[in-house]
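Dropping the structure in here first, questions after.
Chain IDs A, B, C and D follow the sequence of writing; residue 1 opens each chain.
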Amino acid sequence: METGRLETFADGVFAIAATLLILNVDVSCETPCDLRAQVLHAWPSYVAYAASFVTMGIIWANHHTVMNQIGRADRTFLMLTVLFLMVVAFVPFPTRLVAEHIGDPLIANERTAVAVYGITFTLTAVMFNVVWFYASRGGRLLRADADPRVVRGISRTFVVGPWVYLGLTLAALISPKVGAIGFLLFALFWVIESSVFGRDRDVQDLEQ
Amino acid sequence: METGRLETFADGVFAIAATLLILNVDVSCETPCDLRAQVLHAWPSYVAYAASFVTMGIIWANHHTVMNQIGRADRTFLMLTVLFLMVVAFVPFPTRLVAEHIGDPLIANERTAVAVYGITFTLTAVMFNVVWFYASRGGRLLRADADPRVVRGISRTFVVGPWVYLGLTLAALISPKVGAIGFLLFALFWVIESSVFGRDRDVQDLEQ
Amino acid sequence: METGRLETFADGVFAIAATLLILNVDVSCETPCDLRAQVLHAWPSYVAYAASFVTMGIIWANHHTVMNQIGRADRTFLMLTVLFLMVVAFVPFPTRLVAEHIGDPLIANERTAVAVYGITFTLTAVMFNVVWFYASRGGRLLRADADPRVVRGISRTFVVGPWVYLGLTLAALISPKVGAIGFLLFALFWVIESSVFGRDRDVQDLEQ
Amino acid sequence: METGRLETFADGVFAIAATLLILNVDVSCETPCDLRAQVLHAWPSYVAYAASFVTMGIIWANHHTVMNQIGRADRTFLMLTVLFLMVVAFVPFPTRLVAEHIGDPLIANERTAVAVYGITFTLTAVMFNVVWFYASRGGRLLRADADPRVVRGISRTFVVGPWVYLGLTLAALISPKVGAIGFLLFALFWVIESSVFGRDRDVQDLEQ
């Protein structure tokens, strides 16, 4: 099993799931209506779109880093990746829930929406761990020249992910808006952290 | 005709059709409503999403195994692949029927939904056989170094597929819920079987 | 400008536009309703799905044949390809019109739907000619080793396309159902013709 | 970080976002209705589809030209590209607003729709500049053999983009229809300009 086609399939699912998020951004405005008010009123759907798109971009980038260390694939790895992508492709649904119910007069609905959102990302992080530890445990599918420092770095970072998302989900059950802001800040943190922390590590030469 | 672009097109259709499945997962909840109850009540759409996504992942993985044994392509092979992908890309429709009608008060509607689902996957399996036997009969399009054991293994496994799906479809006509569980268990069986059975066969070296 | 990324973009648009066709296949069945009757009643949407998917598969395969003869690209070629893909990506809209209005009690609506369908495919054929003749006129962008027999064969076949689609569109204005059957038969003809006619021409070795 | 997978992801997002535009082209025509009148009446959605598809095709082509000059990537570059793609994938939303509200009896709604459209493309141009100047400033990520003339040409052209889109957005606030025509003309100008101006610069040999 070459990883080439696996990466094409994974890249396709990431790109499609991220781009489908825009279908959740909608404004219903039957004439006569005040479009300007409707567009401004839809702000939670823009925030939800941005948070999910950036988070999926980060997961995609991390998947890329992981695949760089992997030199072999077996059917189990393939099936685990399919299950991982199944959770990734699920993201547009909770994103729509959050877009539609942040600001819902019933706080219970806000809570439900953010909780489903948090559970989805917790599961994504769990499945990403399963994929990674299946491949790296005992060096099972790693490249012969995999960098042990990078491998340890991935393991150390990944193991934290599900707990952070679980924590944010629990925070969202107490206060939906705090939870929602937490998901945004965590995405932002990753963007900045990976830019600064990863600068030296990942610069690689691409010239053919 | 290179297979490279054929695989890109096929991977694209698989990835898009699988990711579009999420559009069938929907909860309509006009305010005021109880979002939590609606989200829980939509469980058949999650199950249908998972069953179809995993089944498509398996078909994609098998398509990959098949293409590894194929070294040439002609226009007939191309057109048969297009017809095969046409059935694959149809899957989101019966998945939506199942998502919406499992639990329908009219058992006749449940039966219709599961039957259309079963017929679609039976046709998928039939078309996959047509594609494979066109390519492998007399070694027509196989690679010069195709592994005869793998070729025989694919032929032996593939010929069973349509009959299993036909059987599940008939079971669904008698009892829709038994049929639906059957489709789920069959997908699960494939995930486990291919992981265990295929472990030795498919481990290949990916290092450049 | 490499053609590699151009082909990736084109393959993406073809695969997505073809797979999006399934969103037009829909059955609205609020409980209580007779799902079986609704599923059978939706037959025009299955026929429209199949006709459009197969036609797009054929156009994709022909685009592939064309790109095999092309060795250089300039910005004009790129922009003409974008305009060509714009028409290809438009196909889901007329397909939905046909799916919804074949069987419309008002024959004028049937006529409109099939006419828009026909005009779209006529434009697709026209744009494909523009792309091809821009690239091949005087050998402008052809590979140094382009096969003159294949180049002449493409030119001879392509020039017929728009006229056939224009003829079918005019037939559809007189009798929508005859026109619709004509589009189906033409797609079928291409599948069979290209399989038989193209067999010797296109068999190529894919072994690395 | 190889740019290969980054380009696959970017090409995927461009192709999907452009192809999703067709979902905004819709005609609701419950029987009995006059489909022909409805199809003609929907002209703003065809124009919006064409303008956005062509503009995205141009941005995709320019992204390609930019990536040809880039030889290395770091995490910051990756994250900036994700943010750039997030704005690109947003385009279907303002395109729908324009399709639905050009011709709105309330001119304020026309104005809002075109303004959101303009702001989105202004942001796209700004983000494209951020990506480019991050990579090219001091030659940070450029190829060793990057052509200084092409690099200067890109910088000179890109810096103008946001101001043109900002100008068109302001024009749209005064007169929505003038603004809309401006966006169309600017896309057309780019198609023609890049075809003529870019002819000598970009002809490259693709033969393997």
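One rule holds in what follows: contacts are C-beta pairs under 8 Å (C-beta built on N, C-alpha and C of every residue); 3 or more make two chains touch, one makes a residue touch a chain.
Computed from a predicted structure; not experimentally measured.
Chemist: Need the graph distance between chain B and chain D over the touch network, please.
Modeler: 2
Chemist: Fitting the CA atoms of chain A to chain D, what rotation angle results, rounded to the nearest 5 degrees?
Modeler: Here the rotation carrying chain A onto chain D measures out at 90 degrees.
Chemist: So chain A and chain B: same face meeting same face, with over half the numbers shared, or different?
Modeler: Both copies, chain A as well as chain B, present different residues to each other, with under half of the numbers appearing on both sides.
Chemist: Per the centroid of Cα atoms for each chain, what is the distance between chain B and chain C, given in Å?
Modeler: 25
Chemist: When the C-alpha atoms of chain A and chain C are each averaged to a single point, how far apart are the two points in Å?
Modeler: Centre-to-centre distance between chain A and chain C: 36 Å.
Chemist: Pull out every residue in chain C that's touching 2 or more other chains.
Modeler: 8, 12, 16, 20, 23 - these are the residues of chain C that touch more than one other chain.
Chemist: Let me know each pair of chains that touch one another.
Modeler: Every pair of chains meeting the touch criterion: A-B, A-D, B-C, C-D.
Chemist: Report the residues of chain A in contact with chain B in the complex, numbered from low to high.
Modeler: Answer in residue numbers: 1-3, 5, 8-9, 12-13, 16-17, 20, 23, 70-76, 78-79, 82-83, 85-86, 89-90, 92-93, 96-97, 100-101, 104-106, 108-109, 112-113, 116, 143-145.
Chemist: Name, in rising order, each residue of chain B that touches chain A in their complex.
Modeler: Against chain A, the touching part of chain B is residues 7-8, 11-12, 14-16, 18-23, 25-27, 29, 31-36, 39, 49-50, 53-54, 57-58, 60-61, 64-65, 191, 194-195, 197-199, 202-207.
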